[in-house]
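What follows are several structures.
Consider the two complexes below, in which chain A is the common component and chain B and chain C are the respective partners.
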Partner chain A sequence: MTRALRRAPGYLFLGVSALLSVLPLYFMAVSATNTSQDVLASRMLPGGALVENFLALVASQDVASAMWYSTLNAVVTTVLALVVCSIAGYGFEVYHSRGKDRLMSFLLLAMMIPFAATMIPLFQMFASFGMVNSTAAVILPAIATPFLVLLFRQSARTFPHEILEAARIDGLRELNIFFRIFLPTMRSTYAAAAVITFMTAWNNFLWPKVILVNNTYQTMPMLISNLRAGYVTDYGVLMLAVLLASLPTMILFLVLQRSFAEGITGAIK
Partner chain B sequence: MNKLRKFAALALVVPLSIALAACGGNGTASAPASTSAAASGPKSGTLTVWCWDPTFNIYAMNEAAKIYQKDNPDVKINVVETPWDDLQTKLTTLAQSQETKQLPDIFLMQNNAFQKNVINYPDLFKDYSQSSVDFSQFPQGVTAYSTVDGKNYGLPFDNGTAITALRTDVLKEAGFTIDDFTDITWSDFLAKGKVVKEKTGKPLLSGQAGSADMIMMMLQSAGASLFDAEGKPTISNNAALLKAIDTYQQLVKAGVFAEVNSWDEYVGSFVNSNVAGTINGVWIMGSIQSAKDQSGKWAITNLPKLDGVDGATNYSANGGSSWAISSNANYELASDFLAKTFAGSKELYETILPSSGALANWLPMAESSVYAAPQKFFGDQAVFKKVIEFSQQVPKNNTGAYYYEGRDAVSAAITKIVNGTDPSAALDEAQKAVEFAMK
Partner chain C sequence: MSLLASASASGQVSGTAPGSGDVTPSRKRRFGIEQRRNVTGWVFLLPAAALILLMNFYPMAQAFILSLKTGRGTRLNFADPLWYNYQRLMQDETFKLTVQNTFIYLIVQVPIMLVLALILANLLNDKNLRFKGLWRTAIFLPCAVSLVSYSLVFRTMFSTDGLVNDMLMGLHFIDSPINWLGQTGTARLVIILGLLWRWTGYNMVFYLAALQNLDYSTLEAARIDGAGSWRTFWHVTVPQLRPMILLTAIMSTNGTIQLFDESWNLTQGGPAYTSMTMSHYLFELSFQKNPNFGYGAALSYVILIMVALLAAIQMKVGDKRD
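== the complex of A and B ==
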């Protein structure tokens, strides 16, 4: 009893914090079912305008196509980024040398350059390849990120070298060591990297907006931006679109939640 | 230590060289190829258009396409929905990377951003003063936004004429009618606003705190600007600006003008009947009419004018947009299309007005019977005809290349002044900020 009492303030604090973090999400979900006027009046109860909002959204925007291209971009980017960056991170750590250390530091410097500074040269480059208006142009620049290479390099550091030596003595080829031993033990790191990459790719706005000059391959964030452009914004429709756009990342996060936490804190089984 | 120094040097050099690469080069724009034959006979081809509002300008563009296609069935109009902010980002990227080939034929541009873009990125635009578009059929105050060095780069589309929209039911409760707010000065407005506030508890106006919209409308109503004819900032010792800021402050202090935190809250304040009116560009009527339960309870009139300022009028503007023809366009086709639709078709404007509220700048529409029709939502006032009449009396606004910088600096100054800084000192500082930005 006394123990429960002692813990009460802590639970109260956590409860209030949790409530505050969930509130915006709740408001988003509830607003998707309300009319624009009700949203502006901050109505916190579910309303009956969900179908109406959905029909208005589908009538003004090609949601199915935007969802498809968003998914395509995010999935392909995530798969390619995990393969490329994990091999790179593993290589930097396992085949360690002074030169590679320098190269790594150079890569990290690239993290400091804001995207706005590289956007115009990047655009010129893709334009000269004739790749403006293609999904490949959206995906390619997002595949190799210094952050992911660093993440995999750090987790490769916790990978016991004894296992590596043992595998070599048993005659396993280098590539197989990576795929058969490193990859399965690093599952939580992969999960964390997948969540981060998927989220970044899914929410990416500026670059797709610039490189996709016509709207054939429009993604969800671009679609949401369209909804806010006019003189009159329908907030119910807008909230519904935002809700739809956040579902995939939410689902992915919930599925990989446990591994994600482990991956971020660097646990190894 | 040595290592650290090397990295620091690298960290400096890498972004610098990238920035330099981005700035370099100043090639010439490719001359537009004129493919279509002379003026006679139906034309063919596809025009790509960038604009941003499906219920407003995109709708208008599609209706224009239908009208043009009656005589030119082989012409296609391909509208690419591009919100204004994104459109500006795209234009900047294309201009700086010299990839003007990616430009559409026609794009819509906010009037306030026109000068800035033409002056900074002349390669994007096509001067169409010599085309069949008759620019004299638009109010001079509006074509001025898109005219640089006497050349017309834009055809005015939607009307940005400012209106005072008020709730007649609330005014009645306080013993006023809309006529009590017509052709008045700001000091009258303030006095009557206090009475309304006292009797009904509602402020007459609302707006975003730290936004210069209201001040800029007051300034333009007196024909004043933040810049002189040469584009030099005239923010410090600007009598009209000081008067506008003083008026604004008094409105806020008396509770006649309620400051809110965001655009969404601003719209919410009148949609939810928390305030009894608003002053803005005529396009705000779209948001007002989203509150269907308030039908018949609104009326519009002109703006109050500044007291004791030379050239003060009851008319102003905020926003509005114009069609630009790009340097990459099929020029013959694009200019002919615009001349026969947005600068030549009553049918077009009569079609789009009732369903989208897109109000023309094209002066011949003042005689249209559709424009003269009474509007139920506004208590059977002929609001559209009224706005066209207002639009012809709006003083010209000199936006210049640094309009947004000037506006931002003034916004910052207003926040300081409201918090107690001396107005002339705050404006001196704003002047310096703009001069610095122009270096």
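== the complex of A and C ==
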């Protein structure tokens, strides 16, 4: 009994934190089904305006296109980032040499470069290639990040050397060792990296906003941000759009949560 | 190290394949393998290294050159004096205001968030805690939502006739609705609350990961010595987490200095620029109205220097107490 009492503040703190964390998301989900008036009346129960909101949203915005470009950007970025950064991390660790270690420490400095400081020259660079308003320009700067390279280098550190040597003795070529042995054993690291990259790419706002000057290729975050800019905001429609923009990353996170935590931690039981 | 490994590998060859003739490969040949592997390593890391150089370091250098130029659009010339843009920045009242706003967010929000994250992680790390997965998922869930999304949800919740006012009035904390986004103090407060909501769980995950690697015997020893849970937490757990605290402090500082999405979507920088961040002002200078790339680049370099300085200070402070 006393033990339970001693634990009570902890549970209370966790409970309140969890409630406050979920409340805005619940409000978002519920409001997507309510009329604008009901949202402003703070109705906290699901309503019947979901279809109405959806039709109003689709009538005013090209949601399908924004969803498609968001998906395209996020998927292509994630696939390319995983391949490019994992093979680099593997290269830095498995074939490490003094030169590579030095290069790695230098590349890590890029983590300290704020995006703001590269944004204008990046825009100019892509403009000079005629790549303004292109999906490629959205994707290219997001592929290689020092953080992902570091993550994979750390995980390559745990890759047993005996396996590597055994594979070499079996006559496997270096590239095949990477794809056939390293890649499958590091599944949780890949899952963590995939979640992080997909979310960052899907949610990225500033760079797409800069480089996608007209709204043809606009992404979901851009679309919902533009909805806000209208003179009269229909809050039900707005919350539905926000929900649609958030669902993919939320589902991905919930599905891959365990591997994500494992990849970050190294190993939780 | 790798030479040693390949030596042991050749030993294995002689063990598993008897009668393969020459058991010790010639020194020259072994060196050849080493060299080839070294090159393989460089090839593997080349695409990522090239992209990071091209997409981060090169533009960073370009931005500095650009910051010394003035002019509109693509017609840019070196300024006279070269540091003209920086001089102008020092007299720009709007810039000063955005620096002040950004630092208010930084100084108020980051410490509160990191302490909250530490407490939550410590609570969640309790072996006897029930519904652990539920708590962790709920508290981390805000991180799955984009900055734009949550900014718009908060904007709706904190509108004058929104959820927060309704709740506070229902509980009789206030008599009339507060115009949250229309006043300087409350607009900044809403941004800080938003940041806390969005990022506390994120930092908690890093602390949780660090706690998994904590030396458990030190906690046991503290308990045997009769230290209470608070003292154990403060004197045993926190010192061991210092590298992770340093990392999260640097990451959060870095993120807060570059804040854009919230300023743009939640408060629109208002009222009258008093909640606008530096990055928001940078965007306005560079890509709206009369774009001025040179002046924008100068501002972006001030942000870069601030990030570097703050990281250096934090590393110095973080290392000192060792």
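Couple of notes before you dig in:
Convention: the second predicted complex is superposed on the first by the 250 of 269 C-alpha atoms of A that agree within 3 Å, B and C clash if a C-alpha of one lies under 4 Å from a C-alpha of the other, contacts with A are read in each partner's own complex, and residues count from 1 in each chain.
Just so it is clear, a contact is a pair of C-beta atoms (placed from the backbone, for glycine too) under 8 Å apart; a residue touches a chain by one contact, two chains touch by 3 or more.
Only a predicted model underlies this, so the values are computations on that prediction, with no experimental measurement involved.
Aligning the two structures on chain A places chain B and chain C in a clash. With both structures placed on the common chain, the touch criterion links A:S105 to chain B but leaves chain C unconnected.
When the two structures are aligned on the shared chain, A:G171 is found in touch with neither chain B nor chain C. Look at A:S60: by the touch rule set out above, it reaches chain B but stays clear of chain C. Applying the stated contact rule after C-alpha superposition, one finds that A:P221 touches chain C and leaves chain B untouched.
In the superposed model, A:G130 lies in contact with neither chain B nor chain C.
Taking chain B and chain C in turn and counting the residues of chain A each one touches, the greater count comes from C. Looking at the shared chain after the overlay, A:Y95 reaches chain C, while chain B stays out of its contact range. In the superposition on chain A, contact of A:S36 is made with chain B only, not with chain C.
In the superposition on chain A, contact is made by A:L254 with chain C only, not with chain B.
Of the two partner chains placed around the shared chain by superposition, chain B and chain C are both touched by A:M119.
In the three-chain superposition, chain B clashes with chain C only at 63-71, the remaining stretches of 27-35, 45-53, 63-71 or 99-107 being clear. Taken together, the two complexes place residues 40-41, 110, 112-113, 117-121, 123-124, 206, 209-210, 225, 228, 235 of chain A in contact with chain B and also with chain C.
Those residues of chain A that touch chain B in the shared complex are 36-37, 40-41, 60, 105-106, 109-110, 112-113, 117-121, 123-124, 127, 132, 206, 209-210, 213-215, 222, 225-226, 228-233, 235. Those residues of chain C whose C-beta lies close enough to touch chain A in the complex are 2, 5-6, 8-9, 12-13, 16, 37-38, 40-49, 51-53, 55-60, 62-63, 66, 116, 119-120, 123-124, 126, 129, 134-150, 152-157, 159, 161-163, 166-167, 197, 200-201, 205-206, 208-209, 212-213, 254, 257-258, 260-261, 264-265, 278-279, 282-283, 286-287, 293, 296-297, 299-301, 303-304, 307-308, 311.
On chain A, the positions that touch chain C within their shared complex are 10, 13-14, 17-22, 24-25, 27-28, 31, 39-42, 84-85, 87-88, 90-92, 94-97, 100, 103, 107, 110, 112-125, 140-141, 143-146, 149, 161, 165, 168-169, 174-175, 178, 199, 202-203, 205-206, 209-210, 220-221, 224-225, 227-228, 235, 238-239, 242, 245-246, 249-250, 252-254, 257, 261, 264-268. Against chain A, in their complex, chain B makes its touches with residues 7, 10-11, 14-15, 18-19, 21-22, 48, 52-56, 78, 80-86, 89-90, 93, 96-99, 102, 264, 267-268, 271-272, 283-284, 286-287, 290-291.
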